[in-house]
Amino acid sequence: MTLLEVTDLHVFYGRIEAIKGVSFTLNEGEIVTLIGANGAGKTTTLRTISGVRPVAQGSIFFEGEDITKMAPHDRVKRGICQAPEGRGIFPGMTVRENLDMGTYVRGDKGPQKAKDLEHVMHLFPRLRERIGQMGGTLSGGEQQMLAIGRALMSKPRLLLLDEPSMGLAPMLIAQIFTIIKEINADGISVLLVEQNATQALKTAHRGYVLETGYVVKTGTGSDLLVDPAVRAAYLGG
Amino acid sequence: MKKSRIVRASALIIGLSLVGVACGNDDSTSDGAAASCEGVKIAFFGALTGDAGNLGVNIKKGLDLAVAEFNEANADCQVGIEAYDSQGDPDQAPALADKAIADAGVLGIVGPAFSGESKAVNGKFDEAGLPIITPSATNALLSQNGWKIFHRALAGDDKQGPGLASKITADGKMKVGVLDDASEYGKGLADIVQTSLGDKAVEMNSIDPEGADYSAVVTAAKDAGIDALFFGGYYAAAGKLAKQLRDGGVEAQLYFGDGVLDKGFIEAGGPAAEGSIIGCTCAPFDSNATFLASFRAKFNEDPATYGAEAYDAATVFLGAIKSGARDRAAVLAFIKAYDAPGVTKQLKWDETGEVVGTAVYAYTIKDGKIDGSLGLIK
Amino acid sequence: MTNEVLLDFNNVTMQFGGVTALSDVSVKIFRGEILGLIGPNGAGKTTCFNVMTGVYQPTQGSVVFNGSDITNLKRFQITQSGIARTFQNIRLFSEMTAVENVMVGADARKTSSIPAALLRTKHQRAEEKESYDRSMELLALMGIADRASDAARNLPYGYQRRLEIARALATEPELLCLDEPAAGFNPAEKQQLNELIFAIRDRGYTILLIEHDMSVVMNVSDRVAVLDFGKKIAEGLPSEVRSNPDVIAAYLGVPDDAA
Amino acid sequence: MPDWLIIRIFWDLTVTGLALGSIYALVALGYTLVYGVLRLINFAHSEIFMVGTFSALIASTQLLNIPMLEDGNYPYRTGAALVFFLVFILLAAMFISGVGAIALERIAYRPLRGNGDAFGAIALAFLTSFVIGLIFVNETKANLIIACVGTAPISYSYLRFFKKGKKAPRLAFLISAIGASTAIAEAVGIWGPNRREQYQTPRILEKKVLFSALGTDVRIDYVIVIVGALLMMTALTLFVNKTKLGRGVRAVAQDAETARILGVNVDLIIVVTFALGGVMAGGAAMLFTMVYDQSRFNIGFILGVKSFTAAVLGGIGNLKGALLGGFMLGLVENYGSALFGGQWKDVIAFVVLLVVLMVRPTGILGESLGRARV
Amino acid sequence: MSQLSDLWKRLQSLSADVQVRWKSMSHVQRLSGYVLAVLALYLAPWWPKIPAVGWLVNTPGTQFSTVLNDQVIIFVLVALGLNVVVGLAGLLDLGYVGFYAVGAYVVGVLTSQHASLPWLVVLPIAVVVSMLFGVILGTPTLRLRGDYLAIVTLGFGEIIRISAKNLDWLGASRGISDIGRPPSIGPLKFGVIDPKPYYWLGLTLVFLVVFCLHRLEESRVGRAWTAIREDEDAAELMGVNTFKFKLWAFAIGAAVGGLAGAHYAGKVGFISPDNFPLQLSILFLAAVVLGGSGNMYGAILGGIMVAWLPERFRNFTDKRVLVFGIALVLVMVFRPEGLLPRRVRTKSPMKSASGGQEVAQ
C-alpha cells in the first residue's frame, strides 16, 4: 500500500527553483532512500514533506490524503516526523526534555509515554546514561541518536531521516544504519536522505537518484548499487 | 543616439529654475495704497499641536477674539490671521519664521510662545524688522539680546521669581525646598526664587519631568523637614510631584511658577493639587469684565492662561494697523510709542521690550479650580 | 617536505567550564606537508583548529608558528602571521561578489587605510590593483573565475567551497587549514578536490586537513594524526594509522567501511 | 547632596526602588520573551504597557464606574470590594495588553516574517488608505470613511503580496517596531479624550503605611507591587517550564526550524509569546497606575527604554535576568537620584549598564530562554 | 490594484531603460549630465517656482529653502554618516544624535560660550572632536554585539543630552546663543534670514562627504566593513582587524554626524539640549533604513524623505507623527530593504583598473 506519494513537486528557494518536478512513492513498511550530490534537492524534498517549505506546484499525498498545503504540526499528527539534518537538538534542554518534545503533538502522558521512552532507551542505551544532561553537551553521535529517538517518540508512521551519517565516525555510521533497519523492522517506514550512498542503498529497499532538482534514476537498492552510472557518480566507483 | 532623459530632465529643471531666479523676489512687498488693508495679517507663532499645544491654543484664542472684534468694527479694513505651528520645537521654528518673514503681509507676530523657539528665531525677526509681542515667553534673558523688535505683554521671570519669593516669605515659611525640572524655564525660575529666598532655601536638585517616579526626591524632602516647597517646571510634572509628595507624607505648602497655571495641573494632581500657590505675571482671567464677557460669548468658555495677554498683544498690532501703519517699520514705531491700558495692565514698553510695571499675581487651587482671589502679590 | 617544523602545537589543554575538550595534545606540522587530522565527532578536531587560529585561547600549552609563539595573538594577527583557514559550514561574505570575497583575504597583507583610501594615493591604487589581480588569479586557479562578479550567495555549492579556499589562500598563508572541504561533495568532486589540494601544496603551501571522508584523507595526506576524546591517539603515515588498532577501535570500525 | 543623607534614607530608597524595579522587571519580561524567541527588540512593547495603563483607567472609570468625589478624590475601598476592584482592573489591563500585543504581532511583525495573513492585510490596508485619505481631508470622520472605502481593494493586493512570503532583514523589524510604537502613542495622543495631557487614574486603594521597619514606613501599595510582580513572575516561569505551550516557547527559542518539524505550531508559539509579554506588561501597567495614579500617551517611551535596559542588564532572553535587572535598575536609579540629583538618574542607569556589560558582555545572567532551564 | 503593480513594473523597466541609455552614452554626454544634475541641485531653492515640480516639492507653511537646509541637508548628512555605521559596518547605533550634538556643541562652545573663534576654524575642530567621541564610545563598547551595542549607544546619546542639559559649562538647559556663522564671501552672505548660502554650503558638504565615502567604500576599508557586517568572525579570521575597522566606522560616522551638527549650529545660531532628543536618533535610523541601509544613495533618499515629507504635508501637522509611524510600518512590510535596497556591486571593483595600470607602468 502506498504510504507517501509525491507527484511533480516544484519548490523554490527565493527565485531559485530547487526542485523541478520530483515524483516518487513510498510503500508502507519500506525504506526508501534519496541519493544525489549536494544541491540536488534531497534535503529540500524532505523539508517540503515535513511542511516547512511551501510547495510551488505538485502535490504530496499521505495515506491517500492530500497534505500539500497542510501545516507542519498537522502532518506530525498524521505520523510524519523528521530527524533533521544537523540533528537540531535543543541545546538548552536536557535529553529527557528533548525526547519529550517528540511527543509535543501527541500530548501523551503517563504510562504510554513512559513505555515509548523505555523503547527509545532500549534502542539507544547511550541516551539512558545521559538522560539528565543538556542536549548541547552531547557528542555528535549521541546527538544523532537523540534526534532519531526524539522523532520516534512521536510514534511516526513515516520517519524522515536527513543525513543521519553526516559528520559521524565510520564506526558510528555502521551503527546508525543498523538501528535504521531495526526501526524499520518495527513497522515504521523510512525515507532516508543520504550523502553516503553506498550505505544508504545497502540499507534501503528502493532508491531514487536526484540530480539538480530532478529524479534521474530509480530502482531497488541493490540494483542501483551495481548500476555503473550511479557507481561512477556517487559511489566513487 | 538621443540625448538621455536624465540630461533633458536636468536641463529642463535648470531652465525653469533660472526663470524662477530671474523673476524671483517678486513676491516681496506688496506695498501700495496705505489705506487698504488688503493682505494685512497678524501672525500667531507657537505650538498649536504637539505636547505643548494647549498653551498655544489659549493664545490663539485671545488673538482670534481681538481680530474678530477689530474686523467687525472696521468693515473697510479686514485683518487676516496667519498661524505658524512650531509645535514648540526649536528645530521646526526657523523654517516657519522664514516663511513669516517672506510673507510681506505679516505685520506683527503674537509669539513666539516659548523661550526656546524665541531664541532660535527672534534674531531672524529682528533682522527682518518684523515686530513681535510675546504673550507667554517669560525667560528673563530674552530681553537682553538687543532685539529691537522684541516685546512681551507680561513681566519676565526676573520679576516673577522675587515676587514668588516674597510671597513665600510673607506666608512665614522658614525652610523652603527648591526643586526644578532641569528645563530652561523651570531651572531659571527656580534659581531666581532660590537666590531671592537666601538662606531659607534648601537646594533639592532636579527631577526628570518625563519620569514617573519621584520617590527619591520625596524621601529627601521628608528627610529635610521642609515647610514649603517651590518647584520650577510645568504642570504635568507638578501634578505628579504634588501627588507623590502627599502620598509620601510631605505636608509642606507647595509653590509653583506660571508654568503650572493650567487646569492640567488639577487633572494631574487631583486632590493633592488643592491649596497649592502658583505665581504668574499674567492677570486672572476675570480681572477684566468686558474681556471676560466677550471671550465667553465667542468661545463659550473661560479664557485660560495667557489668553488675555495674547488679546492685549493683538490689540496693540491692530491699533497700529488702525493708525495707518502698513509696513513693519511703521508698526514697530507704533509699538515703541504705545502707552495705553490693556485688559491686563498698562501696556508700555521700555527699550529692551519689557513691559513697564511688575505685576505678579498669586493663584491658588480651590475646590478643583484655579482661583485668582489671592490677587496681586505685595 | 622538509624537516623544518612550521607549526608546533605544544601540549595544549583546552577546557570549557568543566569540560576538557583537548588534553595535552601535541602535534607538529612540517613545512610543505599535508597533515590530515581525523577523529570521531566531538574528539576535538575543530577545537584544535580554533586554538590554532586564535578563536580560543588554550588553558595550557602553546602554539608556536614559524618559531614565534602565537598563543596569545589576536585572530587577525594570526592570519597575518601566515595561517589561514576555511570553514566547515561555509561562511562567505554572502552579499559581496566572489572576487571581493577573495580581495578581503588579500587585504590582510595590505597596509593602506582610511587616509590612503580618501586620498587615493599611488600606494593605495597599487595595492588595490595588486589585490584585484591576485584575487582573479586565485579564482582562476580554483577554476571559478567565470563567476567572479557574482554575489557569493548566488554561487553553486561547489563554487562556494572553492571560493572559501581561494579566500584563505589570498591571505598568503604559509599554513592553510581546511575544515572538512569535501563535505557535501560527490566522489567525482572529491577527486577534483584531491587534485586541487595537491596543486595548492605544489605551490609551496603547507596544509592541515580535517576531514571525515577517508578517501580524501588517506589519499591526500602525507601524515595523519588521530584525536579521540581530546587526546591524540595516533600519528603517522596513512597506512600506519589505518592499521592502528586503537584507531580502528575508536574510529574506523570495520576497516573496509572506509571504502 | 551631602553623603550622610543617602545613609539616612537608604531603606526608604530601597523600598521605593524595589517597587519601581518591579514595574521595570515586568515590562522587561516582555522584551526578554520576544527577544528570546524572535531575536527582535520589540520596540513597541512600551506602547503595549501604555495601552495597559489606559485599559486600567477605562476599566476603573467606565466599567467599574468609580466616581470622582467633590474634592477630586476617589472613594477608597476596603476588604473584598477592594480585592475585587483590583483584580478586575488587573485582569482588564492584562487582557487588553495581551490582545494588543497579539494584534501588534499580526500587523507589524508577521508580514515581515513572510507570513502575513488576512487580518494583517486588512489592518495595513486600512492604515494605508487612512494615510492617503489624510492628504485630501484632515477631518477624522471623513477620513475614516475614505479609509474604510479604500480598505477592501488595497487589502486584496496586500494579500497577494503576502503570498510571496518575503522575509525581511532584522533591521526592518526594528524600524517597523519603532513605527508601530510611534503610531500607537500618537493615536492615543490624538484621539484620547484628554489628548496629549496627563490622565489621572482613580485611586481606590488608600496608601496607608502597612508597617515600619528599619526606620522606614512601608506603604501598602509598594508591598502589593513587589509581591504582585514576584507572583506574576513565578507564574510565568512555571508556565514556561511546566506546560506544553511553555515547552514550545522554549523549543522555538532554541531552534525554531526543528521545533516546527517536531510539530510545534511556531506561529502559535510566537502569538503566545507576544501574548505573555503583553499580559505581563498589562499587569505592570495596572500596578503602575495603582502606585502613580497617572498615565499619558507618551508614558511608554522612557519606561520602555528603561525596561529594555533592565532586560539587557540582567541578560536579555533570560527570565530571571529580567527580574534581577529590573530590581537592580530601580535601586540604582533611586540611590543615584538621591546622591546626585534626579536629573542624573538616566545617566546613572546607563553608566551602570555600560559597566556591567564591560564585565559581562551578555548581561549579569547571560542570554538564554530555555537555555539552562530559565 | 493590479494597475498599481503594473505601474511599479513600468517604473522599474523605465529606470532600467534609463540606466542602459546612461551606460551607452559617451563620456562627454555623461559628464554634461552630471554637471547639469549638480547645477539643478544647487538651484533647488527655486524649484517651487517651476510649474508642476513646484507644486510637488513646495512646502506649504514653511520656507522651502529653509527646509532644504535645516531639515533636508541635515538629515542627508546625518543619514550618510549613520549609514557608514549601520549600513556598511552593520553596527546598530541608536544614539547617533549624540555625535550630532557633539558637533553642534563644539561649535557653540568655541564660537560663543567660551571663545569666539571663527566658525570656519571651529568646523574641523568639531569634526575631529566628534570623531574622538566616536572613538571614546567605541573603544569600550565595540566588543559588544548587536542589540547590546544598540542599547549602549542609546544610553550614550542620552548621556550626552542630559550632560549638556545639566552642565552650566555647556549652557545647561539655556542652551547656547549667538553661535558664530560661516564667513561671508562676496555676494555669498551668511546672514540670519536668507538660508540659501547655507544650503549651498551644506550641499557642497554633502558632495564632499559622498565623494569621500565613495572612495572609502570602493577600497580595502569598504570591503573590510562589508565583511564585518556579513560575518564578523570570518572577517577576523581572514585577517581583517575587525576592532580597528569597526572603530573607524564609528569614528567616521561620528565625524559626519559632527559635521552635520556643526553646520546646523552655524546656521541656526542657537542650540539647546532640546534640539537633540533621543527620538531624533530614532528618526535618523529610520531615515537610513527607510532609504536603504547599506546603500549611500538609499540613505540620501531616506534622509530627504524623512526631512521633507512632513513639511510637504503640513496640512495635517497634528497627525504627521502618526502618519510617520504608520508609514514606517508600511514601508518595512512592503520594502523591507528600504526604498533603494543595497545592491551587490556586479561591476568589477577594478573598473578603474585602467587607471591603476597607468600607475603601475
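First chain written, first letter: the chains are A, B, C, D and E, and each begins at residue 1.
Please note the rule applied: contacts are C-beta pairs under 8 Å (C-beta built on N, C-alpha and C of every residue); 3 or more make two chains touch, one makes a residue touch a chain.
Predicted model, so just to flag it, every value in this text is computed and none were measured.
**Q** Strictly by the touch rule at the top, which chains does chain A share as contacts with chain C?
**A** Of all the chains present, none is in contact with both chain A and chain C.
**Q** Tell me, please, which chain's centre (mean of its C-alpha atoms) is farthest from the centre of chain E?
**A** Taking each chain's C-alpha mean as its centre, the farthest from chain E is A.
**Q** Measure off the straight-line distance from the CA centroid of chain C to the CA centroid of chain E, and report it in whole Å.
**A** 41
**Q** How many Å are there between the centre of chain A and the centre of chain B, using C-alpha atoms for each centre?
**A** 74
**Q** Just curious, how far off is chain E from chain A if you go by their C-alpha centres, in Å?
**A** 51
**Q** Could you give the separation in Å between the centres of chain B and chain C, each centre being the mean of its C-alpha atoms?
**A** So the centre of chain B lies 72 Å away from the centre of chain C.
**Q** Taking each residue of chain D in turn, which ones touch at least two of the other chains?
**A** 301, 343, 346
**Q** Taking each residue of chain B in turn, which ones touch at least two of the other chains?
**A** 50, 53, 182, 206
**Q** What chain pairs are in touch here?
**A** In this structure, the chains touch in these pairs: A-C, A-D, B-D, B-E, C-E, D-E.
**Q** Give the list of chain E residues in touch with chain B in this complex.
**A** By the definition above, chain E touches chain B via 18, 21-22, 24-25, 29, 32-33, 36-37, 39-40, 43-44, 46-51, 53, 59, 61-63, 65-67, 70-71, 165-166, 172-175, 177, 191-193, 195, 267-270, 272, 274-275, 311, 317-318.
**Q** Would you tell me which residues of chain E are touching chain D in their complex?
**A** Residues of chain E touching chain D: 1-2, 4-5, 86, 92, 140-141, 143-145, 147-148, 150-152, 154-156, 158-159, 162-163, 165-166, 278-279, 282, 285-286, 289-290, 293, 313, 315-316, 318-319, 321-330, 332-334, 336-337.
**Q** Show me the residue ranges of chain E that touch chain C in the complex, using the header's touch definition.
**A** Touch residues, chain E against chain C: 212, 215-216, 219-224, 226-227, 229-231, 233-242, 248, 252, 342, 344-350, 353, 355-357, 359-360.
**Q** How about chain A: which of its residues touch chain C in the complex?
**A** 37-39, 137, 139-141, 166-174, 195, 198, 232-237
**Q** Report the residues of chain D in contact with chain A in the complex, numbered from low to high.
**A** So the residues of chain D in touch with chain A come to 165, 244, 247-248, 250-251, 254-255, 257-265, 368, 370-373.
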